[in-house]
Structure formats: structure tokens, C-alpha cells
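Multiple structures are listed underneath, in C-alpha cells.
Shared between the two complexes below is subunit A, which has subunit B as its partner in the first and subunit C in the second.
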Partner chain A sequence: MKNKISSSVSRIDTPEKTGGKASYIADIKLEGMLHAKTLRSERARARIKAINCPNLPEGYFIIDRQDIPGKNSVKMLIDDQPFFADGIVNYIGEPILLAVGPEKETVNWIIENTEVEYEDILPIFSVDEAKDPAKPPIFQKNNIFAEYEIRKGNPEKAFEGSHRVFEKEYRTGYQEHIYLEPQGVIGTYDDGRVTVYGSMQCPYYVKTALIHGLGWNEDMIRVVQTTTGGAFGGKEDYPSIIAGHAVFAALKTNRPVRLVFDRAEDIQSTTKRHPSIIKIKTALDSKGTIIGMNVDITLDGGAYCGLSPVVLQRAMFVSTGAYNIPNVLVRGKVLATNNVPSGAFRGFGAPQAIFAIEMHLNSLAENLKMDPLDLKKKYLLKKGDPTVTGGKLREDVKMPRMISLLEDISGYRKKKASFHKKNARDLRGIGISLFLHGCAFTGSGERDKIKAKVKLRKEDDGKVSILVSNVDMGQGPQTTLRKIVSKILGIPFSQVLYDNPDTDRVPDSGPTVASRTVMIVGYLLSRAAEKLKTEGKTEVTEEYIQPPYIEWDQENFIGDAYPVYSWGANAVEVSIDPDTYEIKVESVWGVYDVGTPIDEQIVYGQIEGGISQGLGYATIEVMESREGGLMQRSMTDYIIASSVDFPGAEKRLIENYYDYGPFGAKCAGELPFVGVAPALAAAVQNAIGVPIEKLPVTPEYLLEAAEGGN
Partner chain B sequence: MEINFILNGKGVKVKTHPLRRLLDVLREDFDLSGVKEGCGEGECGACAVLVDGELALSCITPVGSVEGTSVVTIEGYRETAKYRALEEAFSATGAVQCGFCTPGFIIAAESLLSKTPRPTPNEIREAISGNLCRCTGYSGIVEGIKRASERGEGLW
Partner chain C sequence: MVDTFKPQSLQEAVDVLSDKGAILFAGGTDLMVQRRRRGGLIPDFDRPVILIGHLKELKEISNSTREIRIGSCCTYTALLSHKAVPEILKTCVSQIASPGIRNRGTIGGNICNASPAGDTLPVLYALDASVILARDNKERVLPIEKFIKGPGTTVLEADELLTRIIIPHSSFNKFFYKKVGTRAYNALSKISFTGLALKKLRAVEDVRIAFGAVSPTVVRSKDIEAQIRGKDIDAIQKMIPEILSHYSKLIDPISDQRSNRRYRKTVSLNLLNSFLKNYML
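So, the complex of A and B:
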């Protein structure tokens, strides 16, 4: 039965956004505000010998590393990235200094007329070169930002005893976020305090970075999120860098400073989805049963570490996909190169890993003369099974029901059989992917690292304020979190207030990442609302308590890698032009288990958007780095889907109540992206009959693969 | 140079370089911040306005070229009954997520509906293909325009 809360309501933010009244960062004007522009490295790797700025007109300033009161490093996992280049540049686009002043044109003139003298250092452009001892390392002694291993069972013994080994290698490329609103911040300095306004996912990440960059007490720093025009992970860590820039400039000039990127600058200098190389070896017994698997993952982290180690962890924790594979060894590393830093992007390492395992099993099935779906169903994880990290699946896995529903609505079996008999001029294919997504932070990360805290407050007029640091960047918490609270309190939706987070007002409920907002923060709010209702208080603070069942060893990656999983199955049907190898997506289907949807329409919106981004990732979104420089520098070169590129999707939700989510909700934001590319690639593989081992699947790649296959 | 045009129904004059982008003139000189800059090169449609009723991308329109025309931005359009029909429809179909592209889509929808009051889904997809959205996958927007066209009886 459908949970009552799932019925859709009108999103609260629709009227002001639709009418152009919402204030995004570029829409905010402050008295006396100055404009800033960044001077960026034109070299992939070099020592800066000298910087020659033109004579500055009155009222114009240069802000560089000497204007940083605290540490010239951006606080993240490893603090290796400077706010401004510290004598050395490590990627094309790395910030060196800012020009600041009242007129944009003059600021741009200063940047254009500043000359940097470089002395090149032997660059590293690929993960292969990163392993070359002849090149001086970028990071520590070996260029390895992170390297991990996880084991399940006894993989060595399985391989020794195997009848044969099936081995393949998969590669995936960059993906650029193209949130429609480019990055931007405004920094101000008043009465000894700094304030940053900006387009961001994580106000407290920004605040922490400013504490370090300024060397100030946290009381003197305030961060306010402005209505955010899309993010998808791209505004997780990056805003910390530019928040520092704007604040350092505000301090020096004593004026508000605005730093808003144009599209070319945004594409050139912000993070991308990690390119990957994933090798999978499967050990089979004489009957063709899988008895072991080795997965080897290499990610290109770019010039600085950023969030790469955690991205790698997520890739590894789902590297055997939705399957219970016995005897597994997973090795992963993320390497430093002189490319633009890679970072968070919807799915966070999982899309690369799921692509690899899905395509591997598709090819293995063909090799075993089975339908891929039949092979996959044989190994599907079910309740009580061990995950790749040896955690125990405690939830009901509804995948068998979801798969049969997907087979029904897509007509998979019938189509597969008929496409098989087609002629060479009629290239049609259908493919399926099965996948899961770990909800929220890894293992005990919510308890040990994030320590989320939420607050509900009854205002004098009887309204109730939600005080959390999580942001609405389009994914809908302005509506879903209000729904959760109003439903429990039994008050109208309009009586719940939830302003854009301001660190002076809200506790740290953690970053808006990892599909955690509804499941983790929403659950804390639901508990706070219960207390507000029953205990008659005017203010309730609720802190995260880890569900008692979670067991996790962060040192050795053993146990429950995630509190719970959401699940999905996609089917994609394509036709391919036999002459140009252009792919036309004919239909897309998806069936998902996200627990209880808090608002069906919002979840469907995540699904449709995730599918569109996933199909783009799989086909038209080509981004390449040559000698450290991105070949695609604008939205003319880097193509995202328009309304005519892909059809809408047919989608279904299967309810599956989760005890530690609000009203039973799990995660929904990233999941719909994760399985799209492998379903598309499987359809293409079905259509042209050669294995697809690379993303994006471009006509050029297909031509090569098809002719190689002939 | 002085440029005279009608902006959201009122005659305006602006003294500026004729090659300045209409987008900048609207946002900076007239504070019309509902006109968004997403790409600055005519690819995304977030800066869409109507010039004499035709869809125009203000980021690639020099202000000199609107001399003597009537320019309508979202700020002017939102005062109309047609806008209210579109807003109601966009709300009902979940057409809006981050919202940065939305004013541009509303303008593109008006441009379509003023010529084709009862478009098919394919005609809608064609008509909005110059506007990019990264959040919704377009289905909600297509349905929203369809709903407005059906419910906005007599408006278009």
C-alpha cells in the first residue's frame, strides 16, 4: 500500500524560481561591491619564476598568497591544495592570484595583462605516466593519493582451483557537471567578521576551510547558502576554494567582493567525474560457475587529492555490484596527474564500478551462452548475504520482483530474441542493468565524522523552523523536509519554515552529499518533531545516533559499508545507424526501491534527471584532456542532452520500508544515475554484437569496435 | 549611443555601447535578474527574452539591435494570465528543480504557444530544444507546457 506521505505536493520553491524572483549568487548586489577575476595557470606543471602585473589603476588590487592570513591550504581530506599557487602550478587553470576592483572590464584587463614567467617541470598526464619513476612525483614519493585493498573469502585459493579465468578491462571518461548556474560567491568583511554568500552544497565545509585559511576563531566566520542552481557534487568541495579567495579579497579591500565564474572558467577549472580504468578477472569452475573475482580500480585524481580517497572507497565497495560473489580481492588506487582535479559527481565512484561489473557479467554471460539477466539473477544479493566488505544485508532485497516488473514493462525477453535475428542494416538492441547504491556516508562515517545535529524551533507566531545546514540545490529538501516535519506535527505545510542555511543560525547537520539529506537529516528531524509534539518544548535539538546493527572497521574495510542500500534496475532500447554508428535511444525503463518515497513527484524528478545525465555520460558527453588541457571548453564543445536527444523514461517505484529513515525512506538522489550507462552500453552491445568496454560510447568508438570485431 | 526600446511595456532609453550584450543591460542597468546567464554563448537559453514576440537569447543580442523593438523579460511576462497558467502547470508537473533554467523555459513556452496553441509533445520538445536543463530530464517541462496549453483555455 502506498504510504500517505508519498502523494505529491506542489514544490514550495516553484513560484519564486519560475517567476525569476529567486536570488542566485549572481543576482545579489551589495553596496560598494567589487568584482574579482582569477589569474590561472596556463601550464600543466611549472615553477613560477616571476609574476609581472601592470600598474594598477586606483581602487584596484591584486590578491595573492601573501594576503592569506592563515594557512595557504584548502581544508579537505589531505590539505595538499593551496588557495593560490604556492610557487608551483600543477594543472592548467590552477588559481595564482585575483585582480579586484569596481569595473569588470578593468579587472579583466589587469588579468589579461599580467604575465607569468614559468619554468616547466616534467609533467604527468596520465595514470600510466604517474607510475613512471623517471618523472618527479606530484604527490609524496609515489603519486598515490590513496591505495586500498578489500578481501572477501579466499580469492587466491579460488583462482588456483579455477577451471578458467575470464578477464576484461573497462575505461570511463571525464564528466562535467554543467549545473546551469556557474560557481560563485560573495565575501564581505564587517565589524571584524567575514561572511560568505554562495552557491554551495556544504556550508560547514566552507566554514571549516575559512577557519584554516584565515586562522580565525569560528565565531568570526559566517557562511550563507544562496539559492543554488544545480550542483550534482560539483559544489561539494570546490566552493571552499573560491570562498577563501573572496574573503581574502574582502579583507584586503574592506569591501564586499564578488567572484562569479563564467561558463568557460567553470568548465576549465572546477572538478570532474574521475576517469577510471577497471580490470576484472573472474575465476570459473568447470561448470561455468563463478568461484572468485579480482577487481583492480585505478582512478585519475588530477593534481590535488580533494575527495578522491572517498570516491575510490565507494567505487570499491560496490565493485561486485548487486551480486554475492564469493572470494573477492579488490584493489584500488587513485593517482596524481597534472590534470584538473577530479572530485564528487552524483554516484561518487559507483557509476564507474557498476559500469565495469555490469559489462563484465554481460560479456561473461555471452561467453557462457546465457542471457545476461539469467546469469545475473543467479548471483543476486539477497537478505542475509555477505556484501563484498563482509557486511550482512539486513534488508529485504526486492530485486526479483523489480526485475520481473522491468521485464514486463520493457518487453525485454521478446525484444532480445527478435533483435537477435535482425539483419545488419537494422541495428537494434536492448540491455538491462541491475544496481544498488549505499545510502549516506561510509560505515560509521555519520557517527564518527559527520555527527549531524538538527534543530526544530517553535516561533512566536506558532510556525516551526527547520534549522539544518543542508541545502536545496534543486533536489527538493525545501519540500520533502517540510513534509516530514509538518506531517508529524500535524500542522499545515505552510507553517513550517526552512530558510537557506546560514551557519549563524543552523547547527551542522552535515554536508548535502551522498544522498543523505532525507534519510539521515530527515530522520533526525522526524525524531525532533516527535519530541516537539510530545514534550511541549519550544526548541528541540536532535543528534545522530548510529543504528545499533551497524558494524564497521574503517581501518580494514570490514563490515557494513553503508547503513542500507537503495536498489534499481534499468532497461534501455537503442537503434544504431548502420553507416554513421549514431546511437538513438528509443526507450528507457527504470524500477527502483528507495524505501518510502517522501514525495513521488520529486523522486520521479530525480529519476528522469538522473537518466538524462546517465545517458549523456554514456554517449554524448565527451571530455578529454590532452597534455593537461581540456579539449572541451564551452557548452558548444561539451554537449549535454537537450529535450530532443532522449525520450522520457517509464518508471516504477517499489516500496520497501526502512526502519531508520523518516516514514521508511532510504536514498534516492544518486541511485537513478548509477545504472544508466551500463544499460545503454548493454543495448549497444546487443545491437552490434561486439563488447562495449569504454564510456562514452561514441560513434568513433563503435566504428573501431565493430571493424575490430569483424 | 542612446538606444530606445520598450521594456516590459514601458518606453526606456539607455546610453551605452551598442555592442553591449542585452543580457548585461537588462541585469545591470535595469536590475532584471530573472534573466540568467548560464553559458554566455547562446547554447543554454537561460537568458531568453522576447523581442517583438520572438524568442531571443539576450547573451548574444547586442543591445543596439533592440532599438525600436519591444522587449519582454520574465519580470514583465510574470504579470500576465498566460504566465500564471504556465506557473500552475509547471508546479503541477514537477517541471522545476534548481530553477536556474526555468524563466528561460517559460519564455520559450510562450514563444511556442503564441504560434501553436495546442502543440503535440514532439512539437514542444522541438520548441524548447534551445533551452538546456540539467536537473529534470525535460519530461516535467514538456508535460507542464502541454498542461498549460490544455488548461489555459482561450489564453493562446
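So, the complex of A and C:
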């Protein structure tokens, strides 16, 4: 039975976005506004010996580290990244200074005529080089941003007693977000207060970074999100850096300052999905049963730490996928290199880990002469099972039903059998992936770190305002959060107001990340709405309370790594050109459990987008770093899918009510991305009969895999 | 700022050109990219610009019993809708860029840009196309392979303008055109292959083979084609290893941000092999 809230409504932001009326940061012009451009490092690793700027025309300024009133470090997990290079540059594209003034041409001239004298330092371009003691470390003594271990059962004993060990290594590459709207902010300074307007996911992250950078009281800082044209994680931490730049410039010039990137600058200097190397060893008994597993994850964090430790944690917490594997040892580390910093990107470490475990089990199944799906079904997690961190799965796992639906709609078994009889020029394949995604922040992070607060206020005209710091970056909360509130209050959708967050108006309901907005913030709003309705108040504030069942030890990573999981299963069918090794995706299917969908059409939109982005990650989105410089620096060379590259997906939702989500909703934003690449790779593996151990699966890689190294 | 001229006739365009040594601007789809500047600044044209994309004389397509003549400023879209344009050229043009770019980009621009990855070039080489170059009072005709010197360079003089492309009529009944791009649509070529043959009964009376994006300029060998021409299809099948090895010596690709040398070379030969084995039969 379909829940009534799931019935789709027209998205509230559609008319202004499709009609070209939405005002993005680049559309906003303030009186007396100056333009800014960033001078960036051309070296991967060097000491700055001198900076020679041309004589500045009147009204033009240089803003650099001297102009930072507070700390020259961007507040993140460990604050190692400066706003402006502090005597040393650690990656190509690192900001050194800004030129600011009224005319773009002149600002550009200043940047082009500023010379930096560098003295190179031995650079580190890969995670292997990061372990080389001959190279001076970038970060602390060993280049390790974070290193963790988790264990379940007794892995050593399992391996000692094993009949044989199956071992493989997997590699994944960069991915660039290519949000349609590049990064941009405007900083202003008025009456002793600064305001930042910008395209962002986390207004309060930006505010916190400014408190540190300015060394000011929080009352003197205001952050306003402007309509945001896509983010995908790329606007989680990065806007904090450029918000600092714009504000420091506004302070010095006493004028509003706009800093908007063009595409090339955005690609070159913003964060990317972490490249990974994942080794998996599986211990088997004499009957071929899995009795233990070792997973070893290495991520390239780039030049600065950023969010890397948390990305690594998520990769580790799903490293055994949707399966109950006994006796597991997971080791992970993120290393510093002189590459562009890696950061948040839809999936946040999970896509790399899920790719590795799925491909590993596919190859193991082939090795055991089983169908991969039959092997995977044997180990599927079910209610009551222990997770890899020793948490207990309390939810009903609907995977068996989802898998059988997927088999049905994709014709998996029949196709698998018929593709076996193919001839050498008819290369077709089908593959399946099973996956899960932990909803919201890790463990007790929502309680201990985020401490979300939401507010509902009855306005004089009877309308009700949603006051939260979460943003609509295209994923739909302008519509879904309104739906939740209006449904509970029993008022029309149009009577609920939800402006772009402004830290002067809204409490900190946490960042717009980790697929948490509907499940966590939406749930708080639903409780606030109930109170507003029953208690007759004009304003209700609701604070996060951790569901009582969660048990988590953040020191040792033991317990419930996430409050709950969303689940998914994908199938992909491909054909491969026997001459060119080009992959054509023939069909894609997906079955998902996201709890109750708050709006079916919006969830389907997330699924279609996630699949397209996932297939891009799996095939055509190639980004390589050569000596610290990115090879693909434009949209001509960094290829994302067009509408004709991939077919639309056939998708199904299986409802599964979650007690601590609004109307039973869980997380939906990242999940549809997570399982796509392994399903594609499995289909390719099925088509050409060669194990796929690397992403992206390019024709160049397939040629090498099929014809052997050279 | 630079001067921009919009002549009203071809003659006027030639006159201005001989005077100014200007940049010729037809559709602008390459120029605006090559000369763009970042951060919302206007493109960088360092010499006067002559707009020629609107000139009627350069947008005509005429067909005679011997040949088709295509004005250099015919857009890709115009080529696609003209019935005399050879099918293989249409197949190729239909895979260039996107509709918006095909509405502006011109065949003359594609030729003069002389990119190793220029998509019309291998097809024009295979069709024995020539180009007409006009300057004050004079015209010269050059086979396309003599016109293009190397990546981005041609023999066009500063006061010359490419006016027409001549494609002699020829008849083929076997076609194989394959563009290997970075995605299915609106993509630059990693490799392109053009294969044409005229087969009567068991004999191959004519054959043309050209490769794009795998060497500084298009790879076509009239010598190897001559060895194939006139042969029986069974004899050609036996010659395949030898033919592949001949072309292997001519194909000299680079590794870059879009593909690598090994892939470009192997796949070029795979496509040739496929043409000889599967498409010529």
C-alpha cells in the first residue's frame, strides 16, 4: 500500500529554475562590488621565495595571508589547510593571493603579471611515494592523515585455519563533481559585520570557518546561502575557503567583493572523489565457504586533510558490503600527496568500498563456479545480524524480496544463460550489485557533533516558516520538507515558507550532507509540527535526540556505525564493440528501500541522476593526475554523460517504515550512486570474460585487460 | 578592441583580406574556443577579424556530372540536408558535436583548423577532395592532402581564402565509417575510420581507406589501396595480415588526455580488419 505522502507534487523550485528566473551567485550585483581573481600555485610542492606584483592601479588591491585578521587555517577536522599559502605550496592550484578591483580585465592583468619565485621541494605524487621515507613528509612525520583498524570476530584464527585464500586488488580513480554552477561567493563588510552570500551546502560550516579566520565573535558574522546549482558534496567544505577570501577582501577594500570561479578554475582547484587502492583477501574453508576476510583500504587524500578521515571511516564501515562476513579485519589509511585535495562526493568513500567488495565476490563466485548472485545471497545481512563494526541490524532487511523483483524485471537468469552461448563478436553481459548506505552521520555523530536544531514559526499571516540551515542544491528539500510540515499541520503546501538559509534567521540544523536532510532534519520538523499543532505555540524549537537503540564507541569503532541503512540492488546490461571495446549500456534496473519516499518523483529523480553519475564514474569520467597536474581540465576533456549516453532506468521502490524518520523515511540521496559502478563492471566482466579490477572501465583499460599487458 | 569587417561579397572579403592580413571567421565554433579567456573576459582576437560565414557565394552547393562543389561556409547542417552530398560525408557530419554547433560550424572551418582530430578530413581525403583557394584575382586548386601540412597548419597564405571544396563523383557500394569518441555524442574523436569500396561480383574495383586522429595528419595510402584494387575478395582476405602490417607502419598516434597510443593504434587496425573482413563481403 502506497503511503499518501509519497504521491508526487510539483516541485516548488521548478518554475523559477526552468524559467531562468532563479538568481545564482553570478547573477547578483551589489552596489560598488569589486571582482576578485585568485593567483594559484603552478608548482606541486615548493617554497615561495618571493612574490613580485606589478604596480597596482588606483582602486586595486592584493589580498594575501597578511590580510587575515585571525588564523590562516580553514576550520575543518584538523585545520591544516591555510586560506592563502603560508610560504609553502602543496598542490598545483593552491591559492596564494587575490587581486581585487572594479574591472575584471585589470584584475586579470594583475594576476597575469604577478611573478612567484619558487624553490621546489621533492614532491609526492602517489600513495606509494607517500610511504617513501626518502621524501620529506607533507603531513606530520609519516604523511598519514588518518589510520584506523576495525575487527570482527577472530580474523587471524580464520586465516590460520583456512583451506585457501582468495586475494585481489582494486583501484578507483578521481571523479569531479561538475555541478552546473561553479563555486562562487560574495563577501560584504558593513557596520562592523561581515556577510557572505554563496553557493553552498553548509552555511554553518562556512560561519565556523569565518569565526576562526577572522577571530571575531559569531554575532559579527552572517552567512546566506544563495540558490545553488548542484553540489554533490563539492560544496560541503570548499566554500569555507573562498568565503574567507571574499570576506578578507571586503574588509580590506571596504566594498562588496565577488569571487566566482569559471569552469577551468573550478576543475583545477576544488576537491575530487578520493582515488583508492583496496586489497581484499578472503579465507575459505575446504567447502568454499567464506570464513574470514581482510580488507586493506588506502585513499589518496591530496595535499590537505579536509574531510578525508570521515570519508575513510565510511569506506571501512561498508567494506564488507551488504554481507554478514565472519572474522573480519579492516585496515584503512588516507595519505597526503601533492595532488589536489580530495573531499566529499556523493557516497563519501562507500562507492570505492562497494565496488571492491562486489567485484571481489563476483570473481570469487566465478572461481567457485557459482553465479555471483547465488554466492552473494548466501551471505546477505539480515535482521539481527552483526555488522562489520559489531552493531546489530535492527531493521527489517527486505533484500531477498528486492533481489527477486530485480531478477524478474531484468531477466537476469535467462540473459546470463543466453549470453553464455555468444560468439566472439557478440559481446553482451549482465551484472548485478547489492549494496547499502548508512544514513546520516556516523554512530553518535548526530548527537555528539552536529546537535541539530530546527525551528517552526507561525507568521502573522498564518503561514508557517521552516527555519533550518539545510539547503536545496537540486535534491528537493524545498519541496519535501514543506510536504512533511504541511501534511502534519493540515495546511496547504503553499502556506509553508522556506527561504534559503540565513544564519541570522535559522538555527544550526547541521550540514546538508550524508543524505541526512529528510531523515534527520525532516524528522525534527515533523516533531516540531506536531507540537506547533497541539501546543498552540507560535514558535517551536526542536533538538536532536538520539534514538535510544544506538550504541556506538567512536574511539574503537564498535557498535552501530549508522542509525539505519537504506538498501539497493542494481542490474546493468551492456554490449561491447568487439573492435573498439566501447561499452554501450543497454539497460539499467534498480530496486531500492529508502523507507518511505517523501515524494516518489523526487526519489526517482535522485535515482536517475545517481545512475547517470554512477555510470559516468564507471566508464567515461576519466581524470588523471600527472606530476600533480590534472590532465583533464575542461569539459571537453573531462567527459560526463549526455542524455544519449545511457538509457533511462527501470526503477522500483520497496517501502520499509523507519520509526525515527518522518513518515518512515530513511536516506535516499547517495544510495542510488553507490551500487552503479559495480553492476556495470560486473556486466562488462560477464561480457568479455576478464576480471574488472579498476574504475573507470575505459575502452583503453578493456583493451589492455583483454589483450594482456604491453 | 580589434576591427571587425563584415564584407557584402566574396570580392570585398578578398579585398579586405589582402589589405589587412586578418583572421577569417566563418562559424567561429573553433575560434571562439581557441581564443577564449577565462573568468568572463572577452575573447582575445589580436588581429582584425573578417566575418565570412554569411557570404552567399561561400554557402552554395552545386552539383555537376563530374563533381560536387561545396562552398566553404556551408554549415554541417546545410550539408546534411543537401541531396548531392555523399552519404559517407553525411554519416560523418551527423556525428560532429551537437545540433547547435552543427548549425554554425562550417566545412571550410573544419578543414582550415587542420586539427588531427578534424572529423571531415579523413572522409575528404578518402573522397579525393580538392580545395579552391582564392586571393586577389587568382585562384589555385590543391588536393586536400597537399593543403594540410600538419597539426593546425595549412599552406593557406595570409591573403588567401578557402572558397570551395570539390568532391569528384565516385561510386561505392560498401561503406564503413566509425568515430570513436570520448562519449556517444558531442565528443572529440580518439580515432575515426573511413572505409569505402566498390565491389562488383567478387572483385573489388575501387577502395579507399583513411584514418583520423591517429597521426599528425590523416593516414591514407594510395599505394596500399592500389594493391587491393582489382583483386578478388578471397585474395584480399588472404592479404589482410600484410595490409594490416603496411598500415601499422603508417599509423603513429600519441598518448594524450583522451586516449593512449596503444589503444589508438590497435583499434585503428581492428577497424581496418573489420572493414576488410566484415564490411567488404
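Remarks
The criterion applied here is as follows: the second predicted complex is superposed on the first by the 708 of 710 C-alpha atoms of A that agree within 3 Å, B and C clash if a C-alpha of one lies under 4 Å from a C-alpha of the other, contacts with A are read in each partner's own complex, and residues count from 1 in each chain.
Just so we're on the same page, a residue touches a chain if its C-beta (ideal position, glycine included) is under 8 Å from a C-beta of that chain, and two chains touch if they have at least 3 such contacts.
Predicted, not measured: the structure shown is a model, and the values here were computed from it.
In the superposed model, A:D385 lies in contact with neither subunit B nor subunit C. After overlaying the two complexes on the shared chain, residue contacts for A:S642 are found with subunit B and with subunit C alike. By the touch criterion defined above, A:E650 lies against neither subunit B nor subunit C after alignment on the C-alpha atoms of chain A. In the superposed pair of complexes, A:K37 makes contact with subunit C only, with no contact to subunit B. After overlaying the two complexes on the shared chain, residue contacts for A:N108 are found with subunit C alone; subunit B is out of touch. After overlaying the two complexes on the shared chain, residue contacts for A:D371 are found with neither subunit B nor subunit C.
Looking at the shared chain after the overlay, A:I620 reaches subunit C, while subunit B stays out of its contact range. In the superposed model, A:D579 lies in contact with subunit C only, and not with subunit B.
Residue contacts after overlaying the shared chain place A:D262 against subunit B and subunit C alike.
Considering which of subunit B and subunit C touches more of subunit A, the answer is B.
Residues 262, 264, 636, 641-642, 644 of subunit A are contacted both by subunit B in one complex and by subunit C in the other. Interface residues of subunit A, counted against subunit B in their complex, comprise 8, 10-11, 13-24, 26-27, 29, 177-182, 227-232, 262-264, 473-476, 601-602, 604-605, 608-613, 634-636, 640-644, 646, 648-649. Taken together, the subunit C residues at the contact with subunit A in this complex read 33, 37-41, 178, 180, 182-188, 191, 257-260, 262-263, 266-267, 270-271, 273-274. On subunit B, the positions that touch subunit A within their shared complex are 27, 31-41, 43-44, 46, 73-75, 78, 83, 86-87, 90-92, 94-103, 106, 124-126, 128-142. Partner subunit C is touched in their complex by these residues of subunit A: 37, 104-105, 108, 260, 262, 264-265, 578-582, 584, 620, 624, 631-632, 636-637, 639, 641-642, 644-645, 699-700, 703-704, 707, 710.
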